[in-house]
Amino acid sequence: MQSDAPKAAAPRGSLLTDPKARAWTFQILSILVVVGVGWYLFHNTQQNLANRGITSGFAFLDNSAGFGILQSLIDYTERDSYGRVFVIGLLNTLLVSVLGIFFATVLGFLLGVARLSPNWLINKLATVYIEIFRNIPPLLQIFFWYFAVLRAMPSPRQSYSFGEAVFVNIRGVYLPAPEAAGGLVPFLISLVIVIAAWIGLARWSRRRQEDTGQRFPVLWVSLALLVIVPGMAAMLFGKPFHWSFPELTGFNFVGGWAVIPELVAITFALSIYTAAFIAENVRSGILAVSHGQTEAARSLGLRSGLILRLVVIPQAMRVIIPPLTSQYLNLVKNSSLAAAIGYPDLVSLFAGTVLNQTGQAIETIAITMSVYLAISLSISMLMNWYNKRIALVER
Amino acid sequence: MTTHTFKPSLPPPNMSVGAMGWIRANLFPNWFNSLLTLFALYIVWITIPPILNWAFFSADWIGDNRESCTSGGACWVFIKVRMAQFFYGFYPEELRWRVDLTVLLAIFGAAPLFIKAMPRKLRYGAVFLLAYPVLAYWLLHGGFMGMTLVETSKWGGLMLTLVIAVVGIAGAMPLGILLALGRRSDMPVVRVICVTFIEFWRGVPLITVLFMSSVMLPLFLPEEVNIDKLLRALIAVTLFEAAYVAEVVRGGMQAIPKGQYEAAGAMGLGYWRIMGLVILPQALKLVIPGIVNTFIALFKDTSLVIIIGLFDLFNSIHQATVDPAWLGFATEGYVFAALMFWIFCFGMSRYSMHLERKLDTGHKR
Amino acid sequence: MIRIEGMHKWYGEFHVLKDINLSVRQGERIVLCGPSGSGKSTTIRCINRLEEHQQGKIIVDDVELTSDLKHVEAIRREVGMVFQHFNLFPHLTVLENCTLAPLWVRKIPKREAEEIAMEYLNRVKIPEQANKYPGQLSGGQQQRVAIARALCMKPKIMLFDEPTSALDPEMVKEVLDTMIGLAEDGMTMLCVTHEMGFARTVADRVIFMDKGEIVEEAEPEIFFSNPKSERTKLFLGQILNH
Amino acid sequence: GSTLDAVMKKGFVQCGVSDGLPGFSYTDEKGQFKGIDVDVCRAVAAAVFGDAKKVKFTPLTAKERFTALQSGEVDVLSRNTTWTSSRDSAMGLNFAGVTYYDGQGFLVSKKLGVKSAKELDGAAVCIQAGTTTELNLSDYFRTTGMKYTPISYDKSDETVKALEAGRCDVLTSDQSQLYAQRIKLANPEGYVVLPEVISKEPLGPVVRQGDEEWFDIVRWTLFAMINAEEAGLTAKNVEQEAKASKNPDVRRLLGAEGELGKDLKLPKDWVVQVVKQVGNYGEVFDRNVGAGSELKIARGINALWNKGGLQYAPPVR
Amino acid sequence: MIRIEGMHKWYGEFHVLKDINLSVRQGERIVLCGPSGSGKSTTIRCINRLEEHQQGKIIVDDVELTSDLKHVEAIRREVGMVFQHFNLFPHLTVLENCTLAPLWVRKIPKREAEEIAMEYLNRVKIPEQANKYPGQLSGGQQQRVAIARALCMKPKIMLFDEPTSALDPEMVKEVLDTMIGLAEDGMTMLCVTHEMGFARTVADRVIFMDKGEIVEEAEPEIFFSNPKSERTKLFLGQILNH
């Protein structure tokens, strides 16, 4: 008998007792409630704004800001608009997040592995670290590190100097910054060439391994190329940059790159805090790979480095990724605590100073929240996608 | 036919057991680990003695003003002098017994719930859960039935931290459970509403939420409505936390096999009875550790109310460190704050691990 | 007691049950068998609305099964069901498992519900386990608790979905014995099982399903000794030689 | 609805103050709020309820203050807030008057050896975020063509801590605050306030726009305090004078004659209560920031108009 | 091929292996049996250094097993091992499981490694599963993949640690057949198993262990029909009557 699609539905009950009808009634009611509450709040807000003569709308984004900003990744002067201030805040938040995620991941993996070390002392040290740092509020840690960093550093005049090029003092870490010079173009071209060569080499060596089983020391050769070729370009076509060295003029160092202590403290605190959680995730991820897997790999003659790379980590990653994702999200959200120590992140600059200069609380907070929401959603989407891609195939 | 005589067990060669064996196996099994051990020893050596020295050996404990702190180590006098404020905030001195009593009531009231053999535990628990909040409100806030009123603006310190954390989680539980049910509902509209709600709160930082609740909420409400500042913070924390609780509870519900729903349905139980009598009791038991972890996170997050000017434990301490009379003892303040938070969080995380182990074995049998 | 007329069911595009017609009289004991995936479980799950049928009529105890919740509830009260994997509630004691539905659905006082429960636990021969948790019992004991739990609602009809197939062989007998006892007491039963011995002893009728259809329906003597259809023969050959 | 009605209904004035600025608003170790800004609030409460205690304080950071006022979180904002055009117009606020004529200045460590703000090229400057100070600073350095690094914190306490730690060379704020903040340093003598005043900073209480009735009450409470000082009424003698004074100005002010109270929908004796419970402007100034306080700020331009200052209240008539 | 002389092993204070002496010639097929906990697994795991022995000598293919990594690696290359629980790598396809070690340890070109792998997958009769993941295979198929994986390294000796005891009964045969095939091709094998049928058919020698000692060592006919020791008899009685 060929199956045909269902025709008439079975008889229905009355509106109150039929589950479908009831479900729809309920759903329509809940839509009404949500819309009603939304409208009520909107109405009140409208009324309140009108009553109190508060400006609304997003026109303020074009107004000029008029205040200085401690750190901005793009050019900024006081004449620039609030819109640009928003971008600067967002970039600063992203900077802290990216740095924090990077260091927290590295530190977290190291600690997670240390936590599993057969070496008793290392194991215990890692445990102590994890238990201390994950049980103290991050805000407290941020304050602590900020003032600890400030207290430990000398004034600009007594800076620690490394080869008269790098200076460390309470105002930050000052590094020489490259500035373009005549040989820059050939230099950049040579760099591109080396990188292209690197990729080609890697491809070729993979093919060679597949064909002959021999491995080629790609990394070392490429590193050598990386030094030699641009070096020759520099010699032939002249210096690509001259270095702008930081110099003490007046109160502070001028020139070079400066890494401000606020950034250091917040990155430090967030990395240390989040690493404690990541370490636990890593540990349970590695423990989730059964001992039999390592034994099987060992009995095949694989060395421990290869076992880790080819067998343990790929499997552990599947367990680690989902909790790691939420740690990343937490770190991004916690980066908003930067406001407490004056690091000009999104919350501090935009939901703080701009809000206060313009008085447009609803708009600025709405924008700020949407930005965090968007970051959170995109990180989770990315991670979900990755997670799906690497999921184990089962029956 | 022979009878095989077994050889006696010999003691192991001495390098593999005993103190030496242990040291060899755990500290110096190979050159790489030996290096690590030395490195770790070095770290211990450069960190522990100075810390101990600062915190104990050359610390000042006695006195009641900054002149007592001369030795160069930690000045615990500062903490000692301010201790009452760190615990009670500006709660009137002569009424502090009310706070103590509230805490004691919580401890002794909840204790029977942890006794295995307690009869009628469920009923007792329900009565306690209903009665205690009223009692606690009467004691802490007062203003009726003969208790003098203590404004919430006078609440502070550890007491406020605990109030926020406990009320937050207690409020978040029922809401979180409803959200979890909604997210697993087969009504698409309800599901969408719940998912949106949950994802929204999980996606934004708590400080923006607190900020909104503290200064913007009145903009959304009619002019005559006036809600206490602490209450608004509590509402914000509750909504925020409910989203996290919802996800934890959902995890637990997913672990309940479909057969349980079917068996309950086949017996003629309706949706709410299936959930209330069969599914949630099992799901909640499974997620107790997760809930405790959420509570720990919440407990740490209470420190953020500094942003909206509530004087919780951390803010009280922070405020004390800028008191001109005690300038320069910020480190002591932060260390003390850290210690207080640590004790609570560590204790709870141990408890959650203990539960996890207990539930784990219970599961296997 | 049960009348099914022209019932069809689809899972999405897949036609699982095709034109099922079946009627069960009061006190009748019917065994459903057939190869895996033939729709046996689906059929009996439709009877108490764990699955929804899309065409045809199901009438249980003079009540037609529609999507009206009132009817569904009325029918579920009269129909007890026992599952392959017991589905006892692990957080409740055996006694609580048995009294849950009487208390909340039938609204019987607790004392009385417990007396009834003990009576049925006696009947399935495990009164001494009343205060244990399901996790502490063997599979056979658990299934007997599940039967007692269903009986506590004093159903007019009992449905069994392969009640013994998740059990270790040594426990199968204790459950079958319980079921035989029940049959002897005159309970109306509809039973999905591959225990042909049970079918032979107890059943008034055996129904053979395949590919979502009822292929054959006969008294056990005739069914086993002289099946009409080729497919039934094939199936019986496989199952009895196993 | 009307703020006055709402205030009467709830039984207290909700007042937004600073979260810690000696002399203006700060909490003592008992948690009591004190300072000029606080006294203005208490005066409003005394005017409305005849009881200066019927006021609740909400400590606000600079960032939160306007939102809190706009949203109705507080009824009056008395938090050393500078009166500017944009705040008065676009933000929907109304400034009720000036409690303190201030100007922005700089606080530096003596060790730096700086004598004038003109020498501050390249300095790192600590400021409180979200203040006019932040804008003035930027203007000042722009006009003088100097460079600076702004380091802004949410709370004024943190700016002090950062200056102390050496994170910045200079702290900038309203001069009055500089004096207040200086005593928060471990070693106040090691720091000086530079002579330059780079801006006008009239500070005063603020209310929401659109409620003239409430605006008038706050404004005239302040004026009443100034007029009281001018008329020589003090907390000690005001009750006496209310009964005995023959001066028609005083009689009108204290409600013995005329309709001042009724017009403002306040009790007849409201000024008596304000002065009795809080004091006249001079007393409040003296007690909180002037000679009677730790700050010891001179009256300067905050003296009465007839003593060479700017404080000038319209007559009661 | 393998020579073990006076090997002792302790777990902490517990003396697991006591004075084990054993030698296996090229092409010999040896079955190890004994009660649970007698040290069978430990013995063969010492041979490829999954466990470390503390006294005595183990010499495999003329290389002495010391803690020198070079020796350990050399030996592991020549010794294949099959585990009770298969231990396939679930994140790699069957083919990748089989080529992993040849690629990274033997450094064979990929093409060639795949050819070898397919050859052995053919041998264990599942070439068609080459691109599936282990999770998609049945237990018997997984164990055969595990054997193929070990064979791909072209080992001189194969160790089996109860290769069939985690399998459903209907799958035992397919794995045993594969092992018998291997034995017929002359592979040197050391096999811990309780499949006495297999021992009888294939083994050159059967070794019985108990409490960490070798109690008896004999050819299968003699071992099964006429065991010397009382202990062996008891064990055989238990295992054969089961």
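We call the chains A, B, C, D and E, going by the order they appear; numbering starts again at 1 in every chain.
Criterion: contacts are C-beta pairs under 8 Å (C-beta built on N, C-alpha and C of every residue); 3 or more make two chains touch, one makes a residue touch a chain.
For clarity, every value in this text was computed on a predicted model and none was experimentally measured.
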item: Steps needed, at fewest, to go from chain C to chain D via touching chains; value: 2
item: Closest chain to the centre of mass proxy, which here is the mean CA position; value: B
item: Far-end chain from chain B, centres as C-alpha averages; value: E
item: Most distant chain from chain D, judged by the mean position of its C-alpha atoms; value: E
item: Turn needed to bring chain C onto chain E - CA fit, degrees, nearest 5; value: 165
item: Where chain B and chain C are represented by their mean Cα positions, the distance between them in whole Å; value: 48
item: Separation of mean Cα positions, chain D and chain A [Å, integer]; value: 43
item: Between chain B and chain D, centroid-to-centroid distance (C-alpha), Å; value: 41
item: Per-residue overlap in chain D, given as positions that touch at least 2 other chains; value: 67, 70-72, 161
item: For chain B, residues that touch 2 or more chains besides their own; value: 211, 215-216, 218-219, 223, 330
item: Pairs of chains in contact (touch as defined earlier), listed by label; value: A-B, A-C, A-D, A-E, B-C, B-D, B-E
item: Interfacial residue positions of chain B with respect to chain C in the complex; value: 257, 259-260, 262-270, 273, 277-278, 281-282, 285, 362, 365
item: Chain A-facing residues of chain C, complex; value: 8, 10, 13-15, 18-19, 52-56, 64, 66-71, 213
item: Contact footprint of chain E on chain B as seen in their complex; value: 1-4, 6-7, 9-13, 16-17
item: Complex contacts: residues of chain B adjacent to chain D; value: 85, 89-90, 151, 153-154, 156, 211, 214-219, 223-224, 226, 229, 308-309, 319, 322, 324, 327-328, 330
item: Parts of chain D lying in touch with chain A, wherever the complex brings them together; value: 62-63, 65-67, 70-72, 87, 90-93, 112, 120-124, 129-131, 134-135, 137-139, 141-142, 148-154, 158, 161-162, 165-167, 169, 208-210
